[in-house]
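The next part holds the structures, each set out as structure tokens.
Look for chain A in each of the two complexes below; its partner is chain B in the first and chain C in the second.
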Partner chain A sequence: MSKQIHILLKSKDSKYPITPTNLSLSLSTSWTELNQTLLALLNELGAEIPSLTPEFDFLINEQLLTSSLQDFIATNTISTEQLIVIEYVDRRPPPSQPHILPHPDWVSSLTLVGNQVLTGSYDGSVRRWNMYSYSLVSEYKCHDEPITSVVTINDNLVVTGSSDESVCVWQGLLSDEPERCLFKGFHSQPITCLASNATQLCSGSWDRTVKVWSLTTLFDNSNLDTLQSQTLSPISTLEGHTDVVSDCICSRDTNKLISCSWDQNVLFWDITTKQNVRAMYSSKSLLSISENVHTGLIATGGSDNAIRIWNTDTDEATVIKMILKGHTGWVSSISWSHKSEHHLISGSYDGSTKHWDIRNNKSPLYTVGAHKKKLLCMDWRDGEVVISGGEDCQLIVSHF
Partner chain B sequence: MGRIIKKGDRGIATQYITRNQAIKRLQVTLSDYRKICILKGIYPREPKKKRHLKKGTNKTYYHIKDVQYLSHEPIIDKFREFRVYLRRVKRAIGRKDYYTAHELKLRKPTYKLDLVIRERYPTLQDALRDLDDALSTIALFSTMAQIAGVQGSIIHACTRLLAEFQLYVIETKSLRKVFLSIKGIYYQCSIMGEIITWIAPQEFTTRRPADVDFRLMLTFVEFYINLIGFVNFHLFQKLNLTYPPKISGRLEAPPHLHIHKAHNYQFKFERYETLDMLTSLNHSIEGAGTNLEEGDDELDPDLMSDDDVTEEELAIRESQKREEKMILAQQELFKNYFFFLDREVSKSPLVFCIRSCGGSATWEGDTRHNVEVSDEGITHHITDRGSQLSHLYLLREYIQPQWVFDSLNCRRCLTMSEYRPGDTLPPHLSPFMQEKEGDYIPPERLAIIQYERGEGGEEMSDPDNLESESDKDESAVTQVESGTDGGVKKRKQKRKRPLGVGQVIRGQVENLQITDDSLEEDKLRAMLLTKKKRKLYEKLKGRDKRHSNRINKLRERRKQIERKKMLEAK
Partner chain C sequence: MESANREIDLLHNLEHAGDSLSESDEEGVLNTIGDIPTEWYRDFPHIGYNLEGKRVLKPASGDQLDQFLEGVEDPSGLWKSVKMPNLPGTDLLLSEKEIDMVQRIQKADYPDSQFDPYPPTVEYYTSKKFDTPLVGADEPKRRFVPSKWEHQKVMKLVYAIRQGWIKPKKDFEIDEKPYFHKIWTDIPLEKKDNTKMLPFVPAPKLRLPGHRESYRPPPEYLPTPEEQVKWNAKFKSEKKLGEFLSTQYDSMLEIPFYSQIYQERFSRCLDLYLCPREPKLKINPKLDPRDILPQLPKPKDLQPFPTQLAFSYYGHTGCVRCVSAHPMGRIIASGGDDKTVRVWEVSTGRCLKLIQLQDSVSSIEFFPTQMYVLLLVACGEYVLLVSYSVGNKQLIDETNEILNVSSELADRRGPAWSKLSITNGLTGIEIGIGREVRQVVWHKRGDYFSSVQHDTSHKSVYIHQLSKQKSQTPFVKSKGQIQSVSFHPMDPTFFVCTQRNILIYNLVAQSLVKRLSPSVQWLSCLNIHRGGTNIIAGSQDCKVMWFDLELSRKPYKTLRHHKGAVRSVIFHPIYPLFASCGDEASIVVYHGMVYSDLDRNPLLVPLKALRGHIVTGDMGVLECVFHPTQPWLFSAGADGMVKLFT
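Showing the complex of A and B:
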């Protein structure tokens, strides 16, 4: 007879009824037993259970339960004398069987647009795929050199960055209209990354700068139809990195831009003053960056195979909130969920993608093996789809 | 025929300029020139042949390249701006145009030193290497009273920066040595492999000395404040902490209290960081100990498992391992100890040392631990007052402050019997002494050295020690000696004594003693030397002789003291 503990199961989700009574459980209860107990309890209360065999994740003190209760209590030094409140949430399903879409060359970047996905490839072409019917919708050769980055501005305009040092704004890549390059901007070295929001576009490059291009001129311009490869000049060139700018993002604070670089730093830029307003120093080169739209936490993937979660709140006492380890290759892309503030997904040169819940920093939720070679780009829409492309010339689509 | 070369056109004459020339060239005032030299780290140079310069031998010279380097400094422009600003303010006040004067004061030109610091210290390691003077100066100014010329804000900044640095040392447990002297308290710590030594003044009120140029000192302080600010920032960043560090204002339960009782102590204070809390050094930093980054300085396993290593390397490795072990022991020295500091002992050095060795400390009016003097968890009571204590608690040790410092230096907890309140204390030995062979080493220091060499394993079997048992008078003094006169005598004694059965003396290569013949020979050889070399030779010999005389005197003195003690004991 092992030791008994008192627990209270509750959920923040309104679809589950409130469980009023405290339960007494054995300390050695495992996750499966806890799940069964909860299912029985919910059946008793007559709750509507969405699927046939639902699975739950359990949270104690905002920490995800991964092992048995006993281990959790031992590692987190929770008093067994008191009532333990356990919150349950729907367990995230793993992605389904992946679907492979072959390319003639490396897939270096991709972006999700509605139910379509745009991919930029090393053969210089941008391809549009339907991610439900897995069919190639259109293909257009935009550059002679490899494309390194593709983003969309709205449902009409697409921007490509290429190794030929140019940033091009395209019309017609997302529709059936004839493709046409409207604007062209130049760096002095190949482009590595692009990011855009409603008002501006920014690009990072091997020339160690981030350039910000204004989009307002594009929208104000009434005669878009007549433009042909007009040269665009940047509204600002942000200099501060001492090595290749590997990734940049437009912050949720619209006036801010965040970039990370091989020089191991994350820099925050104020767009209006064109100044570097804040810096965070890592000890390893950084390859990818993503900002949580809910909490503002920044996640970076680096060359030490680890993911760092940074505190951006200056009131916090520590700089790095946590380090997620598990990948066996450099973390080439990273992305927070837009739905939930706790989930992120990372893709690495080891070819796999990992799903993380930051309430459990010990292990990923899932590891999905995807590519035979390096994974170069990855994007996801939480609860819908995960797409990744890599050096094995494949685009892999898996739905949840 | 070539061009005739005039004197002063080439060579050393063109390499150096006097200070006045430099000032003229840079078009700054003397005080500004001094300031810029300090900030940029430019010192006067001593030309090899001053008389070739034809500008006088009693002048200060600067290298021409140094002056050229200074001329590119943007701060010089700022100095000029400041001069103009002063002139404008003065004129405005003279015209009784107070509005303009006020407006001008709001736009007082300032300058930043960050680029200068980055230029002088490109990496953190460079800065750490050069931190000794900076810390000493900051420590000096932090104890200074606010006097004319030394603003309160400067003293405040010095106090804060020093406390932050000390907190870093506490957090990383990198304090290695401490020595109390009349001049002040010497501390030595090891940060990222760099040894940093600084001196902090004793906790007395300081008077302003008349012969110190404070304007000059303040320039140094200004630079050092910036430097240590940068260093602290990087050090805390390395610990994954934000800078300035957040001091946890929570009243913590003393370490021995049971966890349930501790709930009563969790009065959460308002989270503001007062200077008092920082300078008490007794508060921990919020988020400390959560360094997620792994250290890169792990030893390479390939290197360690290498088979073909020489014996020398093995010995070095052995000593390194021993050293590492000792350091670990030092870091955990006062673990589980809870010290109570009596009112009259100086707190800051004690708290710094105790917490750097893993202990915790409290005193009356402490803002961290809410405990009374009578608390049962207190294991040590540090007092200076001897037998005047009103009440003695049985569960704790009563010791004098010196025990803490001596234990830290010895890297083990010394026996407390010699440090009881009211007792005459054993000598406080400097851990910074680097004894050479033939130096006088007091027996107390010798014991420490032996302990550090591995419990004195080798030393004990040394023939010198065997001998010492027989004649006690000599024991203390003749342990570490070499070819001096004393050594000759000792060797003769040793030869006389027959070996006991089974007694082993390790074979040693004996230094060939200088016999009278060879001394004679030396004298003759010295006569053959040139005058210059002979003088040098004599100088060296004289120095050696003085040194050995001094040592003999010290030994004699020690002998007398020992004898006196023996008599008293009888």
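Showing the complex of A and C:
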């Protein structure tokens, strides 16, 4: 006869009612038993259950329950005397069977635009794929050297960064119009990363700087049709990194820019003052960075195969909130969910993408190991699709 | 005899002391009081006792007037007598000779009138110069210079005083505290110092006899007839000490007396007597042996250093002989037996450029600065300067410009500089050496480079100049089989690694500065620390040696972590790391901290053995190179892979 504990099941979601009474459960209750109990309870209460066999995840003290209650209580040292409040949320569905699209060369970067995907490749071409028909729509050779990064500004304009040290703004890559290079900007070394939001474009490079290019001049210029490869000069060159800038993002605070580098630092830049506002240090080279739009947490992928979650709210020295380990290769790309504040996806050189819930820092929720070789780039639209490309010349699409 | 007579006379005289003492002057009347000091009797009228026990009275001593009168009566004794201090009342008459002696002493003259203080000197050496001098040599120099030996002796003493071996006496500084015994305390006095006493040495324990040693052993211990024959055939010297053959006797009585018992006992006693009674220093068994090892920092605290295999660069179809990292750190180049040079992107493993050559590549190095996109390649019997055309267009154009061979320099002595004979879109220069090139290395500034050939003549090393497009041999004589060369990072110094020695030359003065001689069979490679005073060298007999040029010509440390021949050693350009790779396909990474403080020796800590390559054809990892900015390591393996360890 195992020990009994008292629990209260509740949910923040308004579609589920709060169970009125406290339940007494055996300590050795597993996740499946708890799930069945809750289902029976919800049926009894007459709640509207959307799917036929819904599954729930359980949270105790903001920690995801992955093992049995007994193990969880033992590892987290929770008193069994008191009432344990368990919050239940909808369990995320597992990713669908991946769909594989052959690609002519290595995929170095990709970006999701509506129902289309733009891929930049090592042969210097940008390709447009349709995500409904899984087919190549168009192809255009933008650079002679490998393309390292592709981003979109709006439905019309696409920016490419290349190993030939140029950043180009293109028109017509997203539509059936003829492709045309509008602007060109230059670094003194190959470009590694691009980021853009509505007002600015920034690029990181092997010359250890981040350059910010103004987009307002771009939009003010009414007659875009007359432009042809006009040289763009940066509004600011941000110097501070001591090694290659591996990734940069525009922060949710529109005036800020965040960049990470092989020199193990994450730097925050103020665009108006062109100053380095804040620096965060790790002990390994960083390869990719992403910012959570809800909480402001920063996630970085590193060359030590780990994902670091940085807390930006505190000014303390211990800004690393947690380290997620599980990959067996460099973490080349990382992306927070736009819908949920707890979920992120990481892609690694070991060929796999892992879906993490930061309320469970022990193991990923799901792992999709589809690439045979290194995964170089990945993009994710939460609830819809995860797409990744890599060294094995494949685009892998799975619905999420 | 005479003195005895004189004594008897004295006794006689003393009996009649009162009558006439002065008459007995010739006889020498003496007192018989013995050795008693006369002042004892100063206040008494007597001066002793005679044989009958009666007092001997003091003789009446005459005053000055009496003496004078006496002298008038007998002028011969006037001013010629002295009073005897131990014989009061007796005067001693001095002879002429004695008076003369006294007078001479008074005059501070020689007492003996016969003594001649100024005898004629025998002139063995004279001030006069001989016509034929006894010694013809010049005055030696040592007569004019301070003594060297005295100086040495003094310096020895000074050194001993400074070292504290000789302590000057402190006779004015005596602060001996009085010691009081604690007679009322229960605490026992401190233990006597027993260190001077011989320690107790227990006799070694003997094994207890077993069944085999029994006079009646069980049958399984008895020798078989074959063993018996074998034993008998053995010479005495072949038998081990204490070895014997069991024999069975029915009773104790039947045991024969051991024929050599006395001899044996004697030699045993002799052994015991002569055995060195030195106590063996036993390490305390409770002590952890790790505590005795020197305190090295833990590898964990010495991060960062490469710890794991990140990924491999696939493409080569044969053994990869060499790898080099671009000073920027974005690309690396490798070359090997498949006659190709491949340029790789570091971060992804993409082969950016493939250069097909005519012969296998044995050594490769990027231009040391970012000025040119230029690769130095040792390919067969040629040294190639190839533009690899990756990167900035302007740089590629500038590189192609300097790779134009000027025609006027064609008919020169020495190796010929010419345009590349293979023209599959490549621009470059080839320098025909005529022998298989073993190694090529750039000078840090990039104008000079050196090549090493498989040649034992003096032409085994060339130093080439890029700007003037000429080659020259630095040596006139053969230095033997040269394995590897290297330029000093700052000074005009050139390091040559021959089979047995490392020779260090000054290129400006054109002279040998130093010769390092590690006692190894066959050196294979060397690398210079960025400071220039520390060198690591690897050898074919599995050793990696660290030389501190300021310390000694012998290795400061010899590291034996490899099981195969060491192929390459390399320092990290920024981090305090160095690595070596060997034929057993492992790479060993060490922490090698060189302190700017001259008093501290370098700290060497082995950190990690990296494995990942496979031994192919008795060769493992052929070269390893560090990333210029990151603590990462690239390795070229005989299995056709270039691997990155992070």
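Operating definition for what follows: the second predicted complex is superposed on the first by the 397 of 400 C-alpha atoms of A that agree within 3 Å, B and C clash if a C-alpha of one lies under 4 Å from a C-alpha of the other, contacts with A are read in each partner's own complex, and residues count from 1 in each chain.
Throughout what follows, a residue touches a chain if its C-beta (ideal position, glycine included) is under 8 Å from a C-beta of that chain, and two chains touch if they have at least 3 such contacts.
What you see is a predicted model; the values in this text were computed from it and never measured.
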{"item": "Superposition on chain A - do chain B and chain C clash or fit", "value": "clash"}
{"item": "Touched partner set for A:Ser283, first chain B, second chain C, both or neither", "value": "both"}
{"item": "Touched partner set for A:Asp123, first chain B, second chain C, both or neither", "value": "neither"}
{"item": "Chain C versus chain B, contacts on chain A by residue", "value": "C"}
{"item": "Partner chain(s) touched by A:Thr314 [first = chain B, second = chain C, both, neither]", "value": "first"}
{"item": "First (chain B), second (chain C), both or neither touched by A:Ile323", "value": "first"}
{"item": "Partner chain in contact with A:Glu165 - chain B first, chain C second, else both or neither", "value": "second"}
{"item": "Touching partner for A:Asp357 - first (chain B), second (chain C), both, neither", "value": "neither"}
{"item": "Which of chain B and chain C A:Asp247 touches, first, second, both or neither", "value": "neither"}
{"item": "Chain B versus chain C as contact partner of A:Asp57, first or second or both or neither", "value": "neither"}
{"item": "Where chain A meets both chain C and chain B, residue numbers", "value": "283"}
{"item": "Touch list for chain B against partner chain A, complex", "value": "237, 240-242, 245-246, 259, 285-288, 290, 292-293, 296"}
{"item": "Contact footprint of chain B on chain A as seen in their complex", "value": "79, 281, 283, 308, 311, 314, 316-320, 322-323"}
{"item": "For the chain A and chain C complex, residues of the former touching the latter", "value": "106, 108, 122, 146, 163-165, 188-190, 206, 242-244, 246, 262-263, 283-285, 287, 303-304, 329-330, 349, 374, 376, 391"}
{"item": "Contact set on chain C toward chain A in their complex", "value": "303-304, 310-311, 328-330, 347-350, 352, 391-393, 629-630, 632, 646"}
